[in-house]
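Read through the structure below, which is laid out as structure tokens, and then see the notes.
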Amino acid sequence: MPIVQIDMLEGRTVDQRRELVKKVTEAITESVSCPASAVTIIIREMTKEHLGQAGKLRADS
Amino acid sequence: MPIVQIDMLEGRTVDQRRELVKKVTEAITESVSCPASAVTIIIREMTKEHLGQAGKLRADS
Amino acid sequence: MPIVQIDMLEGRTVDQRRELVKKVTEAITESVSCPASAVTIIIREMTKEHLGQAGKLRADS
Amino acid sequence: MPIVQIDMLEGRTVDQRRELVKKVTEAITESVSCPASAVTIIIREMTKEHLGQAGKLRADS
Amino acid sequence: MPIVQIDMLEGRTVDQRRELVKKVTEAITESVSCPASAVTIIIREMTKEHLGQAGKLRADS
Amino acid sequence: MPIVQIDMLEGRTVDQRRELVKKVTEAITESVSCPASAVTIIIREMTKEHLGQAGKLRADS
């Protein structure tokens, strides 16, 4: 605990995901006072053809 | 808001996903009175070897 | 299959959720050609103090 | 996009959730270069009787 | 890892959830060879007015 | 119902997933008294570069 699921568009580098995990874990430990070891982060990437916003595929907007 | 996550078997075309996003967004805006711009839809596709129903892999049934 | 998870702000009536299930199921069956019996919809409601947008709690914006 | 779902034990204050949203949004915008307005965070709280770790209810450990 | 999310209708007892965590953890450790300490299970309960099946609220069927 | 989502590291065989579905379904039916036909299991696999634990990518630890 806490378990974090992040769904985002594909295309980020491994370094960006590394930074994402580091900074999001810090943000959580600082705000809800839990140890970093308690934080699990799942990152899921999707294509623009798997994301809908305002009724349209993101690939179409 | 609302955030919609749709997990379904792989194999649909981009046009089907396009239609899915359009129609599901309409369905939501009409039923819970929110603007289309508020609706985000995440579509995740899986293989039949990643879906279990009634104790079996869908690939086996 | 498909499994649909809808996270949205609390406050809708049972009738609105009834309509939401009906219309979203129709939208899915029409767009990805699956039977209505295959569609499961989970609706989760949250307070404005459990939703963050643009860095703020929705309750604060 | 990105959509963040945080599942954690109940018991945090509104201020902690406010801080959580602020800091997690900053962490994401800094690491994957997206605007804060693109970030949606859903916070779900659960009891210790709804969390299992290492085969036990958290309420029992 | 693995992270398990179980969404089910409300109404089970704490003992049933205790048994659920115990048995699901055993099932996972035996089938994918991971230690029990690696398994986290989140249990979410919902009412029949928050579950849609075959186009209807479960409360209506 | 129940709907089970299992997120785990990639690398398991189809047989392991087959066994996972069989055993997790049995575990659920035995503990919360529901028929096997009611249980749906979604298995999602991820790389070590998409999993964060204790502030680090699993690929780095």
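Each chain gets a letter, A, B, C, D, E and F, in the order it is written, and its residues are counted from 1.
Just so it is clear, a residue touches a chain if its C-beta (ideal position, glycine included) is under 8 Å from a C-beta of that chain, and two chains touch if they have at least 3 such contacts.
Please read these numbers as outputs of a predicted model, since none were measured by experiment.
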- Chains in simultaneous contact with chain B and chain D: A, C
- Message: Counting contact pairs by residue number and requiring over half to coincide, which of A-F, B-D or E-F is equivalent to A-D?
- Response: E-F
- Message: Taking the mean of the C-alpha atoms as each chain's centre, how many Å separate chain B from chain C?
- Response: 11
- State, to the nearest whole Å, the distance from the C-alpha centre of chain D to the C-alpha centre of chain F. 21
- Query: If you average the CA atoms of chain A and of chain E, how many Å lie between those two points?
  - Reply: 24
- Item | chain A: positions in contact with at least two other chains | 1, 3-5, 7, 20, 22, 24, 26, 40, 42, 44, 51, 53
- Item | Touch-based graph of the chains, sorted into line, ring, star, complete or other | other
- Would you mind giving me the full set of chain pairs in touch? A-B, A-D, A-E, A-F, B-C, B-D, B-F, C-D, C-E, C-F, D-E, E-F
- Item | Of chain D, residues touching chain A in the complex | 1-9, 12, 16, 19-20, 22-24, 26-28, 30-34, 51, 53, 58
- Query: Considering the complex alone, what residue numbers of chain E touch chain A?
  - Reply: 1, 3, 40, 42
- Task: Please name which positions on chain B make contact with chain A in the complex.
- Result: 4-5, 14, 17-18, 20-22, 24-26, 36-37, 39-45
- Message: Considering only the defined contacts, which chain C positions touch chain D in the complex?
- Response: 7, 44, 46, 49-57, 59-60
